[in-house]
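Going in written order, the chains are labelled A, B and C, and every chain counts its residues from 1.
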Amino acid sequence: MAVAARNKKSARRRQLEAAINYPIDWLEERSGLVGGIKYFIFRKVPGDTNWFHTLGSATLTAFLVQALTGAILAMYYKPDPQSAYQSIQHITNDITLGWLVRGMHKWGASVFIILMFFHMARVFLFGAYKYPRELNWIIGVMLLAIGMLEGFTGYLLPWDQTAYWATVVGINLNGTAPFLGPFLADFLRGGAEIGGETISRFYAMHMLLIPGLIFALIGLHLYLVIRLGVTSPPWSSAAAGSEAAGEEPRTNGRSGLTQPAARSGWRRNGGEG
Amino acid sequence: MASTDDWRRQFTKYKEDVKERGKPFYPYAMFHDTVMSLVVVSVIIGVTCVWYFTSGEDPSSCGSGHSCLLGPRYSDPADPATTNFVPRPDWYFYFLFYLLRIFKWPDSVILGTVGIPTIALIIAFMLPFFDRRMERRLTRRPVAVIGAILVVLSMGVLTYKGATAHEALASEVVGAVPTWAQREGFAGNAEAIAGAKIFASSGCTACHTYLGTGSSNQGAPDLSAEGSKGRDKQFFTSYIRDPSKFGNNVMPKFGFSDQQLGQLAAFLLASKGPK
Amino acid sequence: MTEPQHGDRPHLPGPSLYPIAFAAGVACILVGLIVNPKIIVPIGAVIAILFGFLWARDATEEFRGEPVHAIEPESGGPPESTDAPAIPANQGEDAMPAPEPGERFPRNRFLEGATLGLGAVIGGLVTVPAVGFMIVPAFKGQGYPKVDLGPLENFTEGRWFVTKFFMHPGSDGEVSHRTAYIRNNGQLDGEPSFTIISNRCAHLGCPVQPNGPVQDNQKKEIDGKAGQRITMIPVIPAGGYGCPCHGGQYDVEGNRVSGPPTRGLDRYEFSVVDGHLILGKPYSVTRVDGEGKTARIHKYKLAGPGQHVDGWEQILYPLQPPH
């Protein structure tokens, strides 16, 4: 009885699997996408990666939160000096869940910037910018700079006192750059003085130009991460690529300080690899 | 300095090591990533809730009625003609903001505005080309570790200093009046408090200091204990009305009304030094 | 994988540069249409026609029977790696695999040049107008209007007023709200004299505040023409002016006293028309000697905050956009 039941179940199961697999196979045959995703998901990473390695994907998550909430905020926000402030008040106080989406965008910006710095600190301390990952470090620094520019252009949009004066100072900072500074400042303002032109061009940059650039650079960044792999923690006794990898952990005095963490880290995270 | 061949050999070994002993990204590493992303999203939503539910529709309700733990929902509408607003950047630009305050000589302005940020950015870009050693262990990278600690420390100090920076401006000094009243012991004297507010809002602290607030330009005296010098109210009133009659040609005539003069005199008389 | 054998050919500046130069000419015409139609457009046209002609001549060389020096059959024979197993098409990394033995797709320089050149033309046609549209308007027609600040009698002689006004009343609303500190200095040689100081800090543009009592209870509001509204508040800036951002301090004439400002506070030109005070263009000031109507003002063309107009640092800011 039991055997028959199991067989019957597995037949149904096989049927179900075939039904699920058919569209996946169809897609794979015509695009190769499934194979790509499988490669991405099941690729091997060093056995001793740990929580520090999650900062990059956390930054990506924060950016995706910004992209989604920002796109939806654009449905209600009005980028001109006469109505920007009122539309922000309307979003925050009146529209259903407007406070949540605007708040997530406002605070998500801070979280995004902090995470970029944390991620950068992790890469620095792990020495993960060294050969062959130099290019990815440079792309990361570009993302940091462009991310701060995104924060700067977005900060003006509520059109309140803090926004306005922070932008005045920010534009004038650029204006003190030698030779081209005065022109850069006029370009950012869209004229000699801050006005309606300024808010609409900041809006366009914040909404379209800079996020497009960030998406492209994140794509490159991820491509290089997948191509080159992630770096083991430097304290790991079994760091992938190190001379000592795979041998018994050394117990000489000099690295004694970092040894216990390394050993437990290997057992905890990498043992199954 | 490792040769390119060393690097290549190391990377080949890295790839072999990962292939032989690595773990699949899904689900081992991705689990950590997912948990961390959940933490990130939760923090964003949590902070948003605190921000929203401790603030009100009116930015001026902060401090009276709403605690505004994380600031108001928005400040007042932009007014390019303001004469009492004190601009401050978002917190993550505090370090840059304080950097600008450090370079307080006209010749050095450009260092704070473009010089240091540009140098920092160039160093960041060039880092992989400065540091070409293969060593990755922190104990063997003293320069990198000390550099990182210094950068974090200086960013922290600059951010803290930026967050606590104050000016002796009328619009900022008024907030100190209750503290003055408490420390000088005239909290019960309504006339003196009114005088203190005039003192604070009239820019007196541009030249005078009072309990550490203000700047001592042009040799103006500290007034924290002015009332303990044996002068009477009449003296203060006529002195402030026209300092030149007392041989003071530096302090200007302010044109206060008699009532304002009386309140100022009461304030100075009540200033017997901090208790 | 072996590279196609073409290393032994001399690398002359190939005809493929002509289309690119042609595209540059077209781009030049487009920029010229925006910037200066009389001079730049003809230059662009000459470049485009010249290189267009060269390109066309080069492209038709083959048909005109001249020796074709550009195309050499790549007869290096099959590469040595023929015995290597063929790489499956789905695993190769090269975008353009080496030709199979016996197959002949010689590098056709005309096609290469034309593809790149046409691409450059398309890119130029799309980006040059768009980028021009983004940048140029910020520098065209910029200026400061004349603002009527009301009758002279409103400005009591010898007193300072915080004067708020709209630079562009009506059109832009609050964005063009501005503040100036104005003092009527009385008559100088039979002409009225005013000191009009901008509230824009010469460090980074924060709004400076008067160090002295602002007499809000004596505030006056005057409605002008076309939605203009002048607000006048008497003020005694006894301690000069202070910047709330980075601690710059100025004396009552706007001279820098301490802190980072690179010069004194900017001032406005003024004129008197029909007994009204008319605000003119702003200008930059390094220093004011003396005070009131007899002050000697060291006047410069308006520069942005933080920019030096004197001293050796002025070489860092040689040009200002047209205002």
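Here is the rule we go by: a residue touches a chain if its C-beta (ideal position, glycine included) is under 8 Å from a C-beta of that chain, and two chains touch if they have at least 3 such contacts.
Since we're looking at a predicted model, the values are computed, not measured.
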item	value
Set of chains adjacent to chain A and to chain B	C
Identity of the chain that, by mean CA position, is farthest from chain B	C
Separation of chain A from chain B, taking each centre as the mean of its C-alpha atoms, in whole Å	29
Centroid spacing, where centroids are CA-atom means, of chain A and chain C in whole angstrom	32
Interface hub residues of chain B, defined as touching at least two other chains	77-80, 82, 85, 87, 100, 109-110, 113
Overlap residues in chain A, where contacts from two or more other chains coincide	81, 165, 168-169, 173, 176, 178, 181, 194
Multi-partner residues of chain C (at least 2 other chains)	174-176, 204, 206-207, 245, 306, 316
Residues of chain B defined as touching chain A within the complex	2, 4, 7, 10-11, 13-15, 17-19, 21-26, 28-30, 32-33, 35-37, 39-41, 43-45, 47-49, 51-52, 57, 59, 73-80, 82, 85, 87-93, 100, 109-110, 113-114, 121, 124-125, 127-129, 131-132, 134-139, 141, 144-145, 148, 152
Chain B partner contacts - residues on chain C that touch it in the complex	162, 164-165, 174-179, 199, 203-204, 206-207, 209-214, 236-240, 242-247, 249, 256-263, 306, 308, 311, 313, 316
Residue numbers on chain A that touch chain B, as the complex places them	40-47, 49-51, 53-55, 57-58, 61-62, 65, 81, 85, 88-89, 92-93, 99-100, 103-104, 106-108, 110-111, 113-115, 121, 124-134, 137-138, 141, 144-145, 151, 155, 158-166, 168-170, 173-174, 176-178, 181, 194, 229, 231, 234-235, 238-242, 245-246, 254-255, 257-258, 269-270, 272-273
Chain C - residues contacting chain A, complex	90, 134-135, 137-139, 142-144, 167, 172-176, 204-207, 245, 303-307, 316-321, 323
Chain C-touching residues of chain B, taken from the complex the two chains share	77-87, 97, 100-101, 103-110, 112-113, 167-172, 198, 201-204, 206-207, 215, 217, 251-252, 254-256
